[in-house]
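The structures come next, written out as structure tokens.
The two complexes that follow have chain A in common; it is paired with chain B in the first and with chain C in the second.
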Partner chain A sequence: MRMGSPWSGLIGPALLLLLVLAALLAPLLAPGDPLDMVARPLTAPFTDAWFPLGTDQLGRDVWAGLVHGARVSLVVGLAAAAATLGVGILAGTVAGFRGGLVDDGLMRLTEAFQTVPTFLLALALVSVLGASAGNVVLAIAISSWPPAARLVRAEVLRVKTLDYVDAARIAGMAPLAIAFVEVLPGALQPVVALAGITVGEAILVESALAFLGLGDPNLQSWGSMVANGRALIRTAPSLVILPGLCIAMAVLAVSLTGDGLARRLGLGTRS
Partner chain B sequence: MAPVLILERLTVAFPLPDGGWLEATREVDLSLERGRVLALIGESGSGKTTVLNAMAGLLPAEARVTGSLGLDGGGSDLLAPGATREGVAGRRIGMIFQNPGASLNPVLRVGATVAEVAAVHQGLGRTAAWRAAVELLDRVGIDDPARRASDYPHRLSGGQKQRVAIAAALAGKPGLILADEPTTALDAMVQAQILDLLLALVDQDGVGLVLVTHDLAVAGAVADEIAVMYAGRIVEQGPAEAVVRRPLHPYAVALAGAALPFGGVAATGDAPFPELPPADPALPVTACAFAPRCPLAIDRCRSVRPPLEPQDRGHAAACWRAGEAAP
Partner chain C sequence: MSWRRLGRRLLQAVPVLLLVAIGVFVLLELAQGDAVDAYLAGIGGAGDLTLAAELRQRYGLADSLGARFLTYATSLATLDLGWSIAFARPVLDVILERLPKTLLLMGSGILLAALLGIGLGALAALRRGRPTDTVVTTAALVLNATPGFWLGLLLIIVFSVELRWLPLGGFSTLDSRATGLAAVLDTARHLVLPAATLGLTYFALYLRLMRGAMLAAAESGWVTAAKARGLPTRRIVLRHMARPALLPVVTMLGLQSGTMLGGSVVVETVFAIPGLGSLAFEAVSQRDLPLLAGILLAGTVLVVLVNILVDIVYGRLDPRVGDNLGRVAGD
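Take a look at the complex of A and B:
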């Protein structure tokens, strides 16, 4: 093992913990609505003790926007990833275990989805469904489930040939029970690694949608903050840089955490 | 007493890429009574595992299966894979696999694996099924079963895993247990223990045991009856004692020569017949499949396949020159 690896394994979880704390404590860290105009517009960062990160062109507190934005990014990111993996695991398990026409049908469906770029599909869905946090989650799940489904299917195909699955079949367990109790747990290990990436991607897609003005208009999100600061990138670059850093940090945190988790699980179960 | 197993004219064929069919077993007849052990022996590719999988309903869906299977006095089941997949649930069959490491789900506690079967077959609730599992683990010789039941398979040795697999097979209260080389992956000491355990269970519960092995010594030591398979057919069948001591088919003679019998004379070490790849199951069915390797083969062997015919007190062989090979 490399020197310092125990620490590198902690960077991701530490960053994630920081973000989760910021999201949970947002009402305490920055009371009130982050969309309220509370101070003189375009206060520079580190000049006013009450507004440490300054304000935007409408006088909204950037610090408040960032901590409340953490809520939006994490909640939408986690919900979208959970929905994505849920649909993917369900479809992948059914396809891999059942085989035949069901498998063919589901796999052709994933291919149909994969021919459309994930982000464009999410964009189209949100513009049709309307911009709200729930619709953003839905759009991300619908556009990103195919890779999860294909991964789970491949693992299910491997696991279902193992003796213990035959043993369960002879024992008379119902096919659904075999698929989800016996086969699925053995197929989930690579899904853990995918989970980190999926959450990171969901956060990115949410930010990008918000940047394009398709985020929930009633919530302050990092993506919409970047979009808002874009016009002033020369005069007040911190309005773009600070939420941009937050997005990068969030994606890094979940990716590192997912990697670390997958590595630990991989070491734990390999015999 | 009604036999627990009657298998008639089982023929299994697998599709070949060129559109033809490869017959893995041909017209196999077997029967077994409760409380008795039948050993199915033969080399790799002889079709013994296919016979077992057909009875268990584990053949792939593309296999073509004909024949009939009667279990525990019940009517004959259709053996087609599609038909059996659902029908398997109703069969009182327990199966024990060769590699105990692969036959237990690594993410389930061993007690849960056993309890699951008990729950399905005996309609028990969670706690009752768990209690039944602990009792079964105790029966198969797991020390401190109440605590061991909560362990995951990786904490158990190979022999202990195989004991757990046997407990899981018993949990369905089967009339018939199918064991596919259950001791091949184990140490010699543990092999003997597992075989003793299986025999004890056959005696106590009066189940029938079909034991697939390629070890004639093992078969001779534990089985009541032995069926020798070659290229998908049974070529010799009879009481274990007779098949081991006075084999009739030249192939069985060669097997007996290659084995170190339990309490018998050591093998001479002479190669009994030229080493050839396992017989090609795609040979024309008109010839004896063993003829290309047989030291006694005559012209008749290469043109007409000998049927499995009784030779001596329940001892049958499929050979024109049965009994002529020197053991």
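Take a look at the complex of A and C:
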């Protein structure tokens, strides 16, 4: 989506940089475990210089929760997106390159996975596998790979008819090598456009799972902070507002950055 | 859409549903502990191994993997989704009881998202590059990045806690004995915020599609031709730009129905609506796996049906599809 001024292209990367810095410097910005009780419960924001954003009902520092939450959201989001795209690229390349029965089978499988509501599947997987950061990543990847697979397959089908692929075939390269060394790189470009959206979606799914109590119980994440503040929505709405704002900012940052990157690569309209 | 075409669409869904059934079976197998463990834990007899073995024998849980799948598949084919541990009732009954509320919520959410997307998308396309376009597209982008549960809570803070205009949650007023129109209005009041949450978080995609398709149509030959014929602008916009631009939006509505269903899990939990979504949450928190599996299957069937419905609508919108294809097929 295009926005007016030339500065708009910088909003996404700037926000993303801010979040990455917060995530990297979390131990310096807010030392200690963000789940520890450090002050009087329910300190209002902007009233205590040591706890600028206040504390929750257990006396946990909201600022510490937010910067440490940036780690969880970004790491889980990026890992889940990488796994999602990885599975999608693998399935799409094999299906598109092999064709025939393998293609038919894989496409049926893709269709089946695409028909199951993504979030319901992720929810079911985490609840069966157990709530941990690794399982959340796995659940997101298993439930969200189909769009990437379809996109890559379509590109592979286009690229594999090109002359240089025939040349590789004539040169006697092994089919598997042709698929992954020659065809795949040519088919990857539109995946860049999908990457930003995939990371954003992964962050949203992670936060929704954490909101429902299926996040990693040992990590303070934005979604679980919102869930925790829910009971105090009348008296301390900032406990809900602040972490939610962070989630929206993170998703906006990655999707804007992905969009900008795609446009720079000349893929502007196909996101 | 002809009956034959409808039949073909239903047949196409069979392999997909079969694969999903296999997937759900695998998921159930992955889970630690089976129904017998859950039952024994429930009656406080977890230590009795002979009873456990006997029960497994009787319910076919000691059979081989293949035999167990066959049992599972046959019971699915007869619409037997198993027994809910948490509710102590057949899974299908629990699901059917909750389904209407979710359908109503999803339906209003999809309708709102589509109307917002189509209306604002058309507006943005007609005002391309002007401030209206920028404001509308930016708002859609920001709302699209907003988690549904958070937007729902924000709406509650503003409209229920501060302004006290709308109820905090639920599907109807608890002690209300209203009937007829009053009951409908009561439920509608309860649906405003959850439907708005779904509509606002998901309309960005339709807006983008509508805007893009309108702009593409504006540059098309048929719009130039319509202008050359001196047709009034209103007619050109409605008949020659908006109508073809609706096609991708309608297709996407079907493809997004699963996302909408997933979104309603969270939204129903936020607004305490006793539908399929909050049922999924209850199934997870009470570790009721047969129920969770049943919800997954029901959700999948729902998505398949919505997509068939979308196909029918598509045929109505695009005269090239549907009847013609039916005729080719021999009707």
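Keep in mind that, in the parts below, the second predicted complex is superposed on the first by the 260 of 271 C-alpha atoms of A that agree within 3 Å, B and C clash if a C-alpha of one lies under 4 Å from a C-alpha of the other, contacts with A are read in each partner's own complex, and residues count from 1 in each chain.
Quick note on the criterion: contacts are C-beta pairs under 8 Å (C-beta built on N, C-alpha and C of every residue); 3 or more make two chains touch, one makes a residue touch a chain.
Nothing here was measured: the structure is a model prediction, and the numbers come from that model.
Enquirer: Using the superposition on chain A described above, determine whether A:D166 touches chain B (first), chain C (second), both, or neither.
Expert: first
Enquirer: Report for A:G213: first if it touches chain B alone, second if chain C alone, otherwise both or neither.
Expert: In the superposed model, A:G213 contacts chain C only, not chain B.
Enquirer: Taking the superposition as given, does A:L101 touch the first partner, chain B, the second, chain C, both, or neither?
Expert: A:L101 sits against neither chain B nor chain C.
Enquirer: Between chain B and chain C, whom does A:L123 touch in the aligned arrangement: first, second, both, or neither?
Expert: Second partner only.
Enquirer: Check whether A:G186 is in contact with chain B, with chain C, with both or with neither, and answer first, second, both or neither.
Expert: In the superposition, A:G186 contacts chain B only.
Enquirer: Is it chain B or chain C that touches the larger share of residues in chain A?
Expert: Between chain B and chain C, the winner on chain A residue contacts is C.
Enquirer: In the superposed view, which residues of chain A touch chain B and also chain C?
Expert: Overlap of chain B and chain C footprints on chain A: residues 269.
Enquirer: Can you list the chain A residues touching chain C in their complex?
Expert: So the residues of chain A touching chain C come out as 1-4, 108-109, 111-121, 123-125, 127-129, 200, 204, 207-208, 211-214, 223, 226, 230, 233-234, 237, 240-241, 244, 247-249, 251-252, 255-256, 269.
Enquirer: Provide the residue numbers of chain B that touch chain A in the complex, in ascending order.
Expert: So the residues of chain B touching chain A come out as 56-58, 85, 88-91, 93-95, 97, 99, 101-108, 113, 116-117, 120-121, 154, 165, 168-169, 171-172.
Enquirer: How about chain A: which of its residues touch chain B in the complex?
Expert: It comes out as residues 162-164, 166-174, 181-182, 185-186, 269, 271.
Enquirer: Considering only the defined contacts, which chain C positions touch chain A in the complex?
Expert: Residue positions touching the partner: 15-16, 19-20, 23, 27, 30-31, 129, 131, 134, 137-138, 140-142, 144-150, 153-154, 156-157, 161, 208, 212, 258-259, 261-263, 265-266, 269, 280-281, 284-285, 287, 289, 292-293, 295-296, 299-300, 303-304.
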